[in-house]
Each structure stands twice: as structure tokens, then as C-alpha cells.
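The following blocks contain the structures, represented as C-alpha cells.
Each of the next two complexes has chain A plus one other chain: chain B in the first, chain C in the second.
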Partner chain A sequence: MDVKDYRKRIEQRLAQESSSAKSYSDLLDESTSPAERVKGLSEAVGPRAEADLAGAFAVVRNTSEHDDVRVAALASIATAAREREDLLDFLLRLLQDRDQAVVLRRAALTLLLQLRFNSAVLNRKRADFISALRTIVDDPDYQLRSDALETLAQEKDEYVQRRLMDSLTNEGPRLVEPEKAIQLLGYDIHAEQYPFLREVVRQSPSAAVKREAVRLLSADPTSKDLLVDMFRDRAENDEVRRASATALLSLAPEEFETYAREVVLDEQESDSVRAACLSAFGHFANPTERANDGPLNEYLLDLHGESASGPLEKAVRDYKMKYRVE
Partner chain B sequence: MTSPHFSSATPEEAIAAWVRAGSRSEQFRAALLALLPEQVLLYAGRSTNETTRIRGHILATFERIGLPTGVLPYVIEELESGRDAYLVAAAAKAIRGGHVSDCKYLVPFLNKAIRNMQYLDSPVSFETYKALRWPVAQSTTALREIQRTLAWLNIDEEKDTVVDCCDTSSPVLRTVPVSGSIATVELEDQDGKRLRFSDFFVGRPSIVVFFYSRCDNPNKCSLTIAGLARLQEALDSGNLKDRVALAAITYDPLYDGPARLRSFGEHRGVRFGESVRFFRSTSGLDTLRAHFDLGANFIGSIVNRHRIELFILDARGAIVGSFNRLHWDRDTVLQQVEVLVQQNSVREPAIRGVAVSVLSGVVPGLIALLPKCPLCLGAYMAALGVGGLQLMPSWPWLLPALTLIMFVQLFFVFQRSKRSGRRLPLAVSICGSAAVLAGSVFLTLPVVASSGVALIVFGSLVNSIPRNNPLPPQAPAR
Partner chain C sequence: MRTDITLNGSTSATSRYVGWAPSPGEVRLSDPAGAVSPVTVTLRNQQPNVGGQLVFSSAPTQPGTDTLDLVLPIDGSPVPFFTAGRFGAPSERDADAGIEVAEASGAVLSMTQLMVRVRKDANTLTDGERDRFVAAFATLNNRGLGRFSEFRDMHRNEMLAEAHGYDGFLPWHRAYLLDLERELQGIDASVTLPYWRFDQPAPYLFTVEFFGETDPFGTVRFAANNPLQFWKTDQGDGINREPRFNAATEPARDQFGPVRTELATLALGDVYGDFVKMEGNPHARAHTSFGGFLRNAHTAPKDPLFFLLHANVDRLWAMWQWVKKRFDVTVTGTYRFLGQAGQANAERIGHNLLDTMWPWNGDTAIPRPTTAPGGPLAPSVVSSAPSSMPTVGEMIDYQGKMNTGARLAFDYDDVPFEL
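Right after this comes the complex of A and B.
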């Protein structure tokens, strides 16, 4: 078939489909079935006329409308909202309105987060956006709360940093899981958080919490000894040990290499930790030292083929390829 | 009125309450002003956020109680470089504590703050200190406060010109040369080499800035180091290469190791060399802080707040100038340094020059005239009226020792000629030394030895005469 003919066929088919498809204003009509409206609005380019835009808003505001239809109508105005301050203000008000359906508010937040990437108007309204997000930090809905916390943490918001710390130290209500709260603090870690994080590492019964705390301590030089202890402690959870190794690698690369070498050579050690150390060698180690490390390289030659652990074998293979160990 | 004794342990709420309750009196304004320098004990051990809250609260209060002149550098600093909405809003509010006619020149800084905060603005509250929940009854934003201040100044639009406001260069801080504990502070450079403070900063004028790689305000440390790289370019193109040392010292020595120092500098255009280095202190950071009166404070080892700071040191390592808080102008810094270099080449210590000249003549003279054998010694002793042959117990070592001293003197002549760029004194001294050795040790020709002494004395005298260096060409305008 000729390319021109093929193109013509496709264009005819598209025209046929669009002529049979309902128009945007039809999708807003309550007489159309909800399922069809949801599907149509989700696929629609969006309102082209001001009247259609007003109609979309009317659907969003209409509490007697099906929630899914309202959400679909909201999503369809994304392009129009990008440069319209009045539409953005509407979205911000909707987000904070606890009388509205949660699904609709979540859709408003999703839309706003998308618009952060391509709406200059929204970015100039950053203060209003931050204010709206702070308002839903205490929202009963977990998803809204969590998304707001994450966004504010990424924006290095002082208010949310304080709220997260208060929630971890029991001076304020719990907002999200402790490991999530610590993770969020990592977007803008501050020195005053280090003593608390060290206590968490030493005392928390949760491996997930300890792992997140260890990760943040990679920026604290005074935590180096603690990280060494965690890394070398065979009784410690493997995830926490691997996180400690990564943190130590960042803080004190030469010390890390020394301890990591010991771990790799120790057959009593956990395979996953040994594999992590070898992988780190492959990316960050001193290449001359690695290439000249006779005892380690000879050991790895023997190790290949005998290890039961897939990740360790792969790490050995990659290491040997990197440093030409044969 | 002085502030109550606020320490690093004073709860911030108590400080805020005291600030809020203050009156519109000159004493209270002075007391608040005294709390603004970063190195004040009040801020030691506090988090960055807490430090920001306290400082912002203080700055904003000047709107109510009146704006003393001494606060202006702090206000302008926030408008020029600040990226925290609370502090920038507070600075904009503070201006409204002054008189409209006195504050019009601040408009370009307000416009700069608008550009800084355009996409960084955030809601803040000065009515509720440290809000525990949101929304609060009253809130504002940095941009809103800036616009209010512009309206207060009756400004509709303004040309974007920066007006010289405050002279943020400081008068001479101290002229005492480097000595004592600062001289021996140990530094480690971007290559891991260790040396003492005096090893690098004594011997030629230098420019030193302070920074740290974890600074999250690109208008401060990153811009400072980029500015240092531009200074380096200007010095190199203006014939001052290697005659002025450039250095940057980190506030964060535990984190900024050699690799980070090098990386941070290279990524901003710094070309490292013998006279351009970055340092961390391996011991004595407190001594450095005290010596430079650094505008920085810490929580543990980590900076919680700092200002922009550049220092100019003379050849003795004494601080002779500084530029603090605001962005320094490259050409202004260069002008001060050029004057220093000129003074350095003119003003050699007279006593040292004379001593070197005298030494340079005496030692070769001794070599030339000293008796080389016991009989000669006897002749000298007889001539001097001392009877009896009496060998000097240290005679076997004296000639080599004096020869060594003569070579040491040659080395000093070499060092000085390297700095001054003159080769003649060195050439003459070398010829003279060779003649002394030839005439008194190898050939025993007094005339040759005496001529050698004369050449050495002549070379040393010429070497110690100050040279009038022409001014280096003007650095190219920015």
C-alpha cells in the first residue's frame, strides 16, 4: 500500500470516530450515562469554548453529580487551567474544602501537582499553594495528608519540617508512619535532627525506621563511628547494614573500603551485604588499589561459581569485569 | 538598655516575647541591633530554622520601633541575597520603620528581592510566632511585604540600577602581623597537603574568603567562590599572578575534605596552584573564627547561619580590609589589593635590608681573611699582640660553617631577586662567592678573594635597595 493511501485511510477512520463521538458539551449533559461521560471526558482534549469550560465547572461543583464524573470533568480542564489564575484559585479552594468529596479533592491535588511543572502562573502563586498544602497536613484523609507532606518536604517548608519532627518526638500528632516521616525529613536534613536520628538508629525496634535514619546520617560526620558499628554488626538487619555501608561510603570512602573488604572476604558474612560491598567497589573504589589487591582478587576468582547467592555472583562477575580480574 | 542575658539555651519563645514587648526607644533599638551579628552567642547551637525565626522576628520589629542606620546592612543583605521568605519579608517590613525620603535608594534592592523570591515565596506570619497549626489568623508573604514597602515609598516602577548604598567594607580590623596561635593553625588544602596558616598567608598579600560546600543559598557561598575565580582571572591578566595569594577556607572542615574542596572550586572556575588554594582547618577552627571574627554560627559542627565575607591580608598576614555581608565588587577588591602589592614592594623593613647587606659582606670577608693554617694563625696572633701559637679549638669546623653561611646568604639573595624580578644582584653575588672561595681556599690569591668580598657586598646592597614598581595595568572593567 502506498504511504499516502495509508495516511488517507487513517485520517478517514479518525474523522469517522470523532463524528460519532459525543461532543464535549454532550459529555457534560446529565442525560448521558455516567460511564460514557467518564470515558469521554477522560479522553477529551478539553473544553474549547468558554461555555464548555463553564459547563465543566458546573459539573465539578454539582454535588449531586456522580463523583467519578466530577473527577473526570476536573481532569479535563487541566490545559485550560494552566494559565488561568481564577481556575487555579478554584482548584486551591477545592483542595482545602473538607465538605467536598475526597476523590474530588485528591483529583484537585493531582492536577495541581501536574501543573507545577508547566504552569508559570501556579509557580508565581507558590505562597498560596504552600498555604493550601499546609492546611491539609492535618486532613483526615491519609492520601491527601501524605501527598501534601511529601510536596511540602520537597519544597523544604519549615512548617512541615517542624510538624514532622514533632510527630516523631511525640510532641505532636502522628501524621504518617515514622519511617515515612524520617524519609521526608531527608529532603532537607538539618543538623538539629541528627541527635534524634542517632537515638533512633540505636534504639528503634523497626528495621524500616532504622534504615531511613541511617540514610540521613550520611551527612553527619560525627555519626561516622555509629555507622561503622552498624555496618559491621552481623546481628543487625541486612537492609540497615547495607544502608550503613552506603552512608559510610559517602562520609568516609577510605574507611568504607577497608571495612567492606573485610566483609567481602568473610564467608560467614551475609551474601547480600557482601554483594552490596562489591557493587560499591565497582562504582566508587580506588581503581588502582582494587586492581592491585591480590588477596581479594584471588579470593574472588575462587568464589566465582561456588556462591549460592545470585546477587553475590553477579556482583563478583561485575567486579571482575571492571578490574579485569582473571 | 541592654538585652537580658540571652544564651544559646534561652528558649526562642522567650526571646520573641521580649522582642515583642520592646518600646520605641533608642536603647531598645540598639539592644536589638546588637542581637543581629551572626556570631552572637545567642545563636550558638541553634538550628537553622530557629535562628531564622529569631532573626526574622527581630528584623520585622524595626517596622514598629523605628529603623536605626546600623540595621541597614542586614536589611540589604536579605534583599540582595536572601531566599528565605520569612527573612526577606521581615527585611521589607523593617524598611517601613525608617523615613520614606531616606529609603528611596533601597528600591533596586527591593527589586532584586522580587527577582529572588518570584518562585520561592511562601506564607509567613509575624503575628503568630512559630505557628503550630495552619492556617493562622494573619499571614503574609515576602512578595506582598515588598510590594507594600514599594507602595510606601510611592514607587510605581523603577529603573533597575544598583545604587551604592552602604560601604560594607570594614575599616582595618587589626594590623598586628600573624603570630601566636593563628600562625600555627594547621590547614589542609585541596590536595591533602598540610601546612600552617603562616606558611601560606605570610610573605605576600592575600585574599581569603570563607564558604562551605553544603551552603543551600546559591547567592552566598557558590557565588562567592565563582567571584573568587573571576578575581583570579583579573589578577592573572593584570600582572599580579603569584604576587597575590587567593584562598578559600571552609566553615565545615569535617565534611569538606580535600576532594570536596577541589571539586567545589573547579566547578566554579577556580584554577588551583601554589598561590591559589582551598583549605580546611585540621585544628584550630575556633582560633580562625576568633581571629577573623567570622560572621557565622554553628549547631555542632554545622553552620546554621553565615554572612558573605572576604578578607584582604597584607604580606605579614595582618587583616587590612574586609568586605562583609553584601556582594563585593571585584574591581574594588582589586584596587585595594593593587595598592597593597605596591606598598609591599616599596616598604621592605629597613633593618632587615641592612642586616642582610652587612651579613653578606662580613661572612665572605671572614672566609677571605681567616688564616688557613697554624703558621698563618700564629702570624695573626703575633700581629694582634697575642703571644704563643694557639690553635682555635673549633678551627676545623669554622671554614665549612662560614662557607655554609655564605651559601645561605646566597639563597636569601636568590629569594629576594625572585620576588623583585632583578637578576643582577644575584649574578654579582654568585660571581663574588666563587671569587672568595677561589681566592681564599683553592688558589690562595688575596686579591681575588677581596674582589669577591667586594662583589658580594655590592650585590647585596643593590638587592636591598627598594625597587619602584610601575603600577600594574588596570584590571578590565566588568
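Right after this comes the complex of A and C.
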């Protein structure tokens, strides 16, 4: 590739890009097409002049404007909002205001999450942000509610931990699906939640719910026996078995190796679970033990999956290459 | 008659990696049998058009050519040269490139295998490249027990100001990625950190064989032979990632629309102060195009995709640097805050050109965080830069254009080295 030609092509494209950009004030103007305004405003670096910032706010507040244009105008103030407490407070109020259009409120939350990356001012207002999120945990809009729950869970908010547990134990209203609620607990799992999660694993008819609960039990030594049972249960869903194997690999690696070996050697076993076991052996096992495991290695010489491109076949190939089984 | 080649200061195979920026080498007659006067040799590609391809020059300020003639003394004194990958022709596997040294008669005096190793678009990797990268990353994580936990710990709420919201955003993350990549290369030297080109669909990347597919509840699923299925952070198994766009057919987009394109990002401005606004869009917007770990700055690095996202952010900076010729810090527009913290008009500590960067500097005095995970930045056998406690400034001349000793030994497949 000729570097000078390459440079020329990029510079030409850049010149076209720059010349085609509309001015910010034109994007605020209602005479510009909505599609152009939406695209332009959402890509704009933002207003440089205070007058343009006021214009952007006027668009956001104007309920006769198309919602998409209002959202795009909101996006365009991100750079300005980064360092201005008044703009951040506006976003926090907008987020909580149920009289506002849901799309605008969702946009406010998205913008606040973006600003968490680069706004020192917002990060100093963390308590205000957390308070605002708590007010929308019961919001009628699913997306807002779910995003607020997740953000609070990620921030290890005790209030939302309590609300999630209440929703799972029917002591409080359902906030999100049980699979999601359990997943969110995982951001700050507490030991007192383990007995409940073990019951979920034992009783729930849903493989997805069980799998999410198993993910959380990988840090609980008292759940080891349950995880072994799940891992070895051929009647159990493969995803749940693999999640149990993953958890066991952390909790009790030597026991995992023993049972995983049995699984690999068992021709009646699921290809998917066997492949997962071999993958664990290939990447995390004691290499000397694996290389010296004569019976397993001999067995693998003739082991094939259902398809040459399937996970089991690949796992066998990788294992053989790693431990030079020939 | 035989010759030996030294690359990047060593005869060891571990030093035989080059990018687009010229790497120093030496060739000498190790066995001058039959020679009575200095021997003219030609350095050339061992297999033209197969594997990674090389160019050669006698000085880093000279353009590279497909062959280079050198005169070797019969006393075995080394003769310096430089080599680099030919732009557009990287390796796909370790040691698939080769330097052949031939004398005038055509007799081959030595062959030295090496790799033209550059960071690539994740969506274009071969299956072999993908699998080696995934294996190395999973090993670095090691079910939550590996060194990856330190990288996770470098990017929590209490540390965000070290790396975000100020001009050091780009240099800090460049150091972060370089540190991680060198750890990966300590596991498998053929691996580089690929980038997720978030302004384009990436169907190959979001598959169970690679970085996973998301189920309806936002849990990432992997193929049963993919070691990323054992990924663990903060004592929790697995990855929560919920694309708010169709990852197979769309570029990343959040509620506001698609992320800013590469071209629009390059067009942000000619000076660093304008370009660094990309921290908002496309960077933050790429993050909020997902639910799950990536959406929140505090949890984002729990998802290994974070590093591919940031590799693209860094690639955009590298591309901008090349297009705008911004490698020389004495040129206005290359970087804004040229002094160090505490001086008049300085930026926050850690974001001025001469400031060392946390955590690699081990600084836990206020206003720095109270811990500094990870220790000094990982060294490399192919480059002596940056220092173990790098400054912001050491991240700028990453190709060694102004000072060959500043070369950081990484490149992007689509960002050339240009004299």
C-alpha cells in the first residue's frame, strides 16, 4: 500500500467531511429538516457560545418539537455539561420528572452515564446521582427502571440490593425478570444471600434463572456440594452444568478436575459439557498432570465430536496440541 | 560463510518482532570462511508475498526498501541496519516473515525468522489469531486469579480522575493498553491487542467463538471450547453485556444514534484540545451502546471488550497523529499542557506532559488514589521505552519519529509510519 496515496485519500475525505458540516445554529433552526437536525445535533461537538447553549435548551424544552430532535439537542450539550453544575442538575431533574417524555428521560440517564466517564463535577455529585436513580427504581418505564437498577447495583447501593431481594422473595413488587434481578445481585453479593440462591438452584424450573444463581455461588464454599451435583447431573440443562463446572473450577479446582475427567471419558455425556471440561484442562490445569494422564490422553486419540468444526472436536485438538498427545 | 543477525539489541528469538516503525538491527559475518576482503551482502525478504513482509534501510530517516546492500567486515564487526514491516503486509503467525542475507553469488548466508506484529481490526483476524489472543487473555485472567485483576483495579470509581475528564485521557489509556498487551505477550509473544472498530458492524467479533453472544438477559455465552467462558472478575463469574444495537449488522449506537465515525472523529480539529473531545463521542457513546459492565465507568474493565474498545480509541488518536503530524511536542497542537503539575496554568496532576502517570508511578499521595495496583509498567524485549514509570509525554512519540529511542513497539494495521 503506498503511504502517500493513502494519505491523499484520507485528506480528501476529511476535506469533504469538514465542508459538509452544518453550523450548530443551523441545526437548532426549525427550518432545517428534522432528519438533518437529528443527525447533526447528535454528532455535534456542541454549542460554543452561550446563546447557542440557550438555543439547545429551548429545543429540549419545546414539546412541539419532534422527540428525536429534542433528544439530539440534549446529546449536543454533553461537552458543555461536563463542567457545569447547573446543566448537570438540569439532567438530574429531567431524569426524575415523570411529566417529561420518556425518551427524554432515558436520554438524560444515558448522558449522565456518559458523563460519569469524564465529568469530575458529576463525580463530585455522586450522592445526588444515586438519589436520583433511586427515585426511578419504581418507574413505570421498564428501560428506565432496569437501567437505574443496574447502575445502582454496579455502585453497590444497599437500597437496591434490598429491593432486588424483596422482589425475588415476593416481599416487594417485581422490578425486573428474576433472571435479571439475580444477575444484578451479583455486583455486590453478600453471604446472607447464598441460602436463597441455593434454593433457587434446587427449585427453579427455569434454566436461565438457575444459571444466574449458579454464577453467584462460585464464591461460596458452602455451595460446593450443590455445584458438584449440578455439574454431574446429566438430566440438567447444559448451560447450567457448564456454569456449575465454571464455579467449581474456582471453588475446588482439584475436585473439578476429578469430575471433569469422568465427564470427558464418558461417551454418554453431552458434547458441550465435555468440550467445556477439556477447554478448562487445556488452559487452567496442571500441565504436568495432564501430560502424564495416560488413560485420558490415549482415549482422546480417538475421540471425535459430532462435527469436525464443533466445539468438542476443537477442544480435543487444542488439548492434544497443548499436551503433545499424538 | 555465515552471518548472524541481531534485532532490537538481541540475538534472542524473543526480540524478533517488528511493526511499521523502524527497528534497529545489526548483521555481522559470524563465519568469514573463504572471505579475504569485506563481503557485500543483500538483506531481503525470505519469501516475498508470503507471510509478513519487510523493508530495510541503513538509517531510520531513510525510506525502507525491499532489499538493502551492506558491506560486512571480515573481522566480524557488526553493521547496523533498520527493518520494519512493509505497510499493509503484516504477519498472521509468529515467525512467518524472514530476513535472508545473501552474498553476491546468491548463496544464502543466514535466515532469520521474525514477525511483523501489529494491532489489527478484531473483525478481520484469522481463526488462528483469534484463538491465540483469546487463549492469552483467558490465561491472563486465569479464572479471576491472574494478573488481569490488577488491570481491573486500575479503573474503578475512585481512580477515574487519573484517566478521564482531562487531557491525559488518551495518554493514560495508551499506557494502560500497552501494559496489558505486554502482559499478553509474556504469555504468547505473537499476540497483539486487536481493536473493535465500533463505527462499523463487527459480526465476527460478537460470536460464541470469539467475544461471545448475548442471551436475552444480557449474559454473554461462549462456545464450549472457548476459554473466555471461565472469565471471572470481582469474584463473579462471567460477563454481563447487552448491546443496544444489532452487533452483527450495525455499528455501535446508543439512544442518541451511532457513534461518531472515524472520519468525523479525525475532523474534530487540528489541535489536541479539540481532538480530545472524542472522549465524549465516540468513546463514551461506545460504552453506553451497551447495558452491563461496559455502561458504567466503574465496572467497564470487567468486560474484556473494554480493551478492544479502547484499542480503537487509541487507534483513532494514532490515526489523527499521523494525519495531522502530531508527534513533536514542541509543535503547537500536539498536546496542550506541556509543563508539570503545580506550575502556573497546569492541568490536574497526571495530565501534564512531564507528569508521571498513576498507577505506574506508585504515587498514593493526595489527590492520587490510596492504592496503586499493578506496579511499574511492563517492560519489553523489543523496546526500552517507555520508562517503568512513564510520563504523559512518553506516550506521544510512540513510533519514535522524533527520537528512535522513544518507540513503544506497537502499531496499528491501518496507521503507517511515514517519514
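The rule we apply is simple: the second predicted complex is superposed on the first by the 298 of 326 C-alpha atoms of A that agree within 3 Å, B and C clash if a C-alpha of one lies under 4 Å from a C-alpha of the other, contacts with A are read in each partner's own complex, and residues count from 1 in each chain.
FYI, a residue touches a chain if its C-beta (ideal position, glycine included) is under 8 Å from a C-beta of that chain, and two chains touch if they have at least 3 such contacts.
As the structure is a prediction and not an experimental result, all values here were calculated from the model.
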item: Partner chain(s) touched by A:123 [first = chain B, second = chain C, both, neither]; value: both
item: First (chain B), second (chain C), both or neither touched by A:204; value: neither
item: Which superposed partner A:186 touches (first chain B, second chain C, both, neither); value: second
item: Chain A: partner with more touched residues, chain B or chain C; value: C
item: Partner chain(s) touched by A:221 [first = chain B, second = chain C, both, neither]; value: first
item: Partner chain(s) touched by A:158 [first = chain B, second = chain C, both, neither]; value: first
item: Partner chain(s) touched by A:82 [first = chain B, second = chain C, both, neither]; value: second
item: Which of chain B and chain C A:1 touches, first, second, both or neither; value: second
item: Shared chain A surface residues [contacts with chain B and with chain C]; value: 123, 126, 155, 219
item: Complex contact set, residues of chain A against chain C; value: 1, 3, 6-7, 10-11, 13-14, 17-18, 21, 38-39, 42-43, 45, 71-72, 75, 78-79, 82, 103, 106-107, 110-111, 113-120, 123, 126, 146-147, 150-151, 154-155, 177, 179-180, 183, 186-187, 189, 208, 211-212, 215-216, 218-219, 239, 242-243, 246-247, 249-250, 271-276, 278-280, 282-284, 311-312, 314-315, 318
item: Touch list for chain B against partner chain A, complex; value: 46-50, 52, 85-86, 118-123, 130-135, 139, 141-144, 214, 216, 254-255, 299-302, 304
item: Chain C residues touching chain A - in the complex, by the definition given at the top; value: 87-88, 131, 135, 138-139, 142-144, 157, 160-161, 164-166, 169, 215-219, 221, 223-227, 229-230, 232, 235-238, 240, 254-257, 260, 263-264, 266-268, 274, 277, 279-281, 283-285, 287-288, 291-293, 295-299, 323, 416, 418
item: Partner chain B, residues of chain A touching it in the complex; value: 123-124, 126-128, 130-131, 134-135, 137-138, 155, 157-159, 161-162, 172, 188, 190-192, 194, 219, 221-222
